[in-house]
Amino acid sequence: MAENILRGRAWVFGDDVDTDLIYHNKYLAITDPKEMAQYSFEYYPGKENFAKEAKPGDFVVAGHNFGCGSSREHAVYCLKELGIPVILAESYARIYYRNAVNNGYPVLVVPEITKKVKDGDELEVNLDTGEIKNLTTGEVMHGDAVTDLEKEIMAYGGLIPYLKAQAAKEQK
Amino acid sequence: MGKTFAEKVLGKAAGEDVKTGQVVTVEPHFCMSHDNAAPISKIFKKIGVEKVWNPDHIVFILDHAVPAPTDKHAENHKIIREFVKEQGIKHFYDVNSKGGVCHQIMCQEGYALPGLVMVGSDSHTCTYGAYGAFSTGIGRSEMAATWATGKIWFRVPESMKITVKGSFKKGVSAKDLILKIIGDIKADGADYMSVEFHGPAISQMSLAERMTLCNMGIEMGAKNAVCPPDEKVLDAIKDNAKTDKWEAIWADDDAVYAKELEYNLGELEPGVAKPHTVDNYAPVNEVAGTPIHQAFLGSCTNARIEDLREAAKILKGKEVAVRTIVIPASWKVYRQAMEEGLLNIFLDAGCIINNPGCGPCMGNHEGILAPGETCISTANRNFKGRMGNKESFIYLASPMTVAASAVKGAIADPREVL
Amino acid sequence: MGKTMIQKIIQRASGKEVKPGDRVWCNIDLSTARDFAGPNCVLQFDKETEGKGKVWNPDKIAFTFDLEAPSRSEQVANNQKLIREFAKRQGITKVFDVNWGIGQHVLLENGLVKPGWVILGTDSHMNLLGAVGAFATGVGNTDIVASWILGKLWYRVPETVKIHVTGSFKKGVCMRDLLTKIVGTLGAGGLIYKAVEFVGPTIENANLAERITLCSMVTEMSGKIGLIQPNGEVLEWLKARAGEEVVELAEAIKADPDAIYSEEYEFNVDDLEPMVSAPDAPDNVKTVREVAGEKLDQIHIGSCSNGRFEDIAAAFEVLKAADFKIAPGIRAIITPATREVMKQCAQAGFIEKFLAAGVIFTNPTCALCTAKHYGTLPSGDVGMSTTNRNFIGKVGKGSHTYLASPMTAMASAVRGVITDPREIIG
Amino acid sequence: MKITGKVWKYGDDVNTDVIFPGKYTYTVSERSEMGQYALEDLDPEFTKNAKPGDIIVAGKNWGCGSSREQAVTCLKVRGIGAIIAKGFARIYYRNALNEGLPIIVAPDAVDAIEPNDEITIDFDKGEIITPKGTFSFPPFPEFVRGLIEDGGLIPHVRKSLGLE
């Protein structure tokens, strides 16, 4: 249980953070996820140094429609590879959300989080209950883990492992 | 004793009687730079002079990566636009449909003129010899210094005389001739020399063919390469010469040459330069059947209307078997090709027609090769890594050979399909 | 209870009765990838299947190359090669190489898109195929790999928003302006997870290019798909390309009169005027009049949103009205969507006139939109483009872009400053 | 002036594309960044391990091809002490002088020098001292010496314009 409680610093982003801001199109030719991390948020005004300064375990906090724009899965890989354990946003763009789920990458929907968390706040996130504590202000929020199918896919660690498990079940 | 072209033209520019081996200082008539005008302008600023010696003698032509494909290329172009404004440079070809590959523009727009001394910050500046100019490539620092002072030193070079007789057989062209010459005398065969093309076959050649010959002078190490400024040249420049300072200068009949060669076009067959050097010559039938992944018809060597016509003859009504990139040498050529229906032939054949520019020639832009891939190209260099990937292979050939190979998907002799 | 178009489509593909919010597995009719993310799919597929896997059905897979065509870097050259070799190994014959053009348009022109089909692609603007009633979505590589293994994929059945459009466009105003207006009204997240049905007389009379423009921008409102019921000339065009069965397929996806919509919007275009998306977001919408006079360094007409023949023809009309002259110093670039469009433009005599005016015409690709080819802006430059995104820095660090219709873009090229096209074509 | 260094030896016709690949000509613009790509497509060992003071020894026609000065700059900023060759391509020769990178034509010495040899060049005496003996080379013409003494063409021009 304890390992599902995470602590880290919050990096707060606004609404409609598009995929070019998360991972710019000029790096699309890269195929190795490990190489992608260094370009995370390079084009986000004021957070150009995110990839250098964020520590594994830090959280990405954002407003509505996080990840709008392109279908590039790079925008999920880069944050995952950087060691960002979970994204906490008010809502997600459709493709981004799918890509995250398909990779078993936790993305929680947390209403009004950008009003309750400031850049640099220390957060504690319980991935099992969805409880989010702002250790800096003491405020407590709830993040919605996703609906059943997505939860199941996430539990297997992503779409491909999930499909493999389903296939194995069918064979039995 | 008679004088060579180099002795005469440099003597005229220096205002004194000069001999081979002597060092002279001259004022070049036109100084051409392409996208590297930006880094040159930075070196120029370091010199500490505010204004170039004479803005009317400076020509900028953007062609290496147009329109800009990356931030760096875009910034580079911006620096040039600002320098142009600041220095009052009128001869500027930006990213629009007036431009094209720099050497094509220099010839097409009346800068390349008989008897002028011209320099360019590009090694293929020797192309303008087709119009009877003494033109040669220089580096960035030297170009910056020339902008500042209006002067450049030259050692009056030894000369090589190449006499060409006879006429081309079907399927053979100027590209095959120059590849054969370079194969014979090797990449350093004309090092530091002025190469003069003489003979009845040269007078019969179009200016496009002469440009192909002179363009590749650098591939045998030449300082410059030049053809006689005959009626064809005078006719081509009569309406658009950018200056009247030119003069038809040619070598004396009894001039002394360090080396003399003779070629008979009737004995020539289609040839290629095999990877990875330009002097690695082979007749096309020796390498026929070699599988290719890409064909490139373009560059300052072979992308004029005459070249496109030759390729279109072969591609008409056929389909290419590999990706085939066609890049006309300039927008003027592009428009003429459209008017003549050539572009439709290329499109119907499945070719890609790119906007004029250098394309993949030096690994900057459209058509970079993947490892293990082979390209047949009408450009001028097949050095390892030239088209952006050191694990790829480039064969140089004529437009006809490239077209025939594109249809077959393997290197092919154009005489089989003509 | 009546069903919307998307419900009917998903029902056919999943074999289940569905309502919004349900998660179901759908059979995939066509799974495509491009030279962007395609290589990731290939690498991931080979990894997951230890290099021994066979795709579920090579005839239902296609590749398109449009990100960098031809390639500008070793990496993309290598990526494209990876795809070509994979296709050969797997017996996939539908490979549209660098000489074809923008993927969705190439698929359409080659008759690979049918009404009601469930289609995937590694392009967030796949959903423009809703213009012919196909349910096409942009996905990441993991989804593609799953579809290659299984031939199916999970979907959440979306709610449907109905957008009803009436009226006719005045001269100088077009579908792109309506769309910009809609994006401005609904916002970047306005259609999140939702399907849209575009209906009403204005839509029924719209040509294919206009329908594509409309559906392509659903992505910019975070919608899942924008659907238009194929009819009239569009259906005829489709029949000629994809076969007789499209008539029946189109009939099968018709929304029921009593279908339930989560929201309904009405737009009338009679009084609509030319619109722009100002920097740096598609939903930062203004009228052209509000921003008129701002100096531009470059205009670009093209992309999957506005790169068809009709779009280029509209720009041509504006240039013609200006005696085929553009402002000195401005860079104007046109990129046709496909080779077919390029040929149409050549045959109509457009290219010659554009070139004579100083406008550049490139080979068909995604071009400026992916900032890979043709027209990256230097810092401080301001451009106008008919593409679909003007996110900050998207086409060059430190530059800014206005999104507008092909007519507005060309009118602005004529004057060198943002210009209402009505001033030119009067 | 005298320099001693380890030899990197190459053959004939080494062209500018393998010394400094064309794909970097507009993407790498800082002089200080050019050194890391030197000889990338010819000898990755060199690219990784060449040290300041090392000397390049090559066959005929070193630097043929493009006019790109980066093919000189990348070696200069890498600290290469000199290039000895059987001959240089014309533009490369000029560019090297203009950058103040010493280049020496000495065919006999090239034949005698083995890879990894340690050799000494005495510019004042015009001598190359190798494990197999000492070879002489002719001094530069006077106007060239002026260029090298001034540190290259740009400082030379500044001096001649009275700006130094």
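Just so it is clear, A, B, C and D label the chains in written order, and each chain counts residues from 1 on its own.
Please note the rule applied: contacts are C-beta pairs under 8 Å (C-beta built on N, C-alpha and C of every residue); 3 or more make two chains touch, one makes a residue touch a chain.
Computed from a predicted model, the values in this text were never measured in an experiment.
Enquirer: Among the chains, which has its CA centre at the largest distance from chain C's?
Expert: D
Enquirer: Between chain B and chain C, tell me the centre distance in angstrom, where each centre is the average of that chain's C-alpha atoms.
Expert: 41
Enquirer: Please work out the Cα centroid separation of chain B and chain D, and write it as a whole number of Å.
Expert: Chain centroid spacing, chain B to chain D, equals 27 Å.
Enquirer: Round to the nearest whole Å and give the separation of the Cα centres of chain A and chain B.
Expert: That gives a centre separation of 54 Å.
Enquirer: At which residue positions does chain B touch at least two other chains?
Expert: In chain B, 70-71, 73, 364, 368, 388 touch at least two other chains.
Enquirer: Find every residue in chain D that makes contact with two or more other chains and list them.
Expert: 23
Enquirer: Quick check on chain C: which residues sit in contact with 2+ other chains?
Expert: 73-74, 76, 371-372, 397
Enquirer: What is the shape of the graph in which nodes denote protein chains and edges denote touching chain pairs (line, ring, star, complete, other)?
Expert: Its topology is that of a line.
Enquirer: Every touching chain pair, please?
Expert: A-C, B-C, B-D
Enquirer: How about chain B: which of its residues touch chain D in the complex?
Expert: 23, 35-36, 39, 43, 46-49, 64-65, 70, 72-73, 76, 120-123, 125, 137-142, 144-145, 148-149, 153, 186-188, 191-192, 218-219, 221-223, 277, 279, 362-364, 368, 381, 383-386, 388, 390
Enquirer: Quick check on the complex: what are the chain A residues that touch chain C?
Expert: 15-16, 18-21, 24-26, 28-31, 43, 45, 64-65, 68-74, 76, 91, 93-95, 98-99, 102-103, 147-150, 153, 158-160, 163-164
Enquirer: Would you pull the chain D residues touching chain B in the complex into a rising list?
Expert: For this pair, the touching residues of chain D are 12-13, 15-18, 21-23, 25-27, 29, 40-42, 60-61, 64-69, 72, 87, 89-91, 94-95, 98-99, 141, 143, 152-154, 157-158, 160-161, 163.
Enquirer: Help me check something: in the complex, which residues belonging to chain B touch chain C?
Expert: Per the stated touch rule, the residues are 67-71, 73-75, 77-78, 94-98, 323-325, 331, 334-335, 338-339, 343-344, 347-348, 350-355, 360, 364-373, 388-389.
Enquirer: Could you list, by residue number, the parts of chain C that touch chain A in their complex?
Expert: My answer: residues 23, 36-37, 39-40, 43-44, 48, 67-68, 73, 75-76, 79, 121-124, 126, 137-143, 145-146, 149-150, 154, 188-189, 192-193, 219-220, 222-224, 281, 283, 370-372, 389, 391-394, 397.
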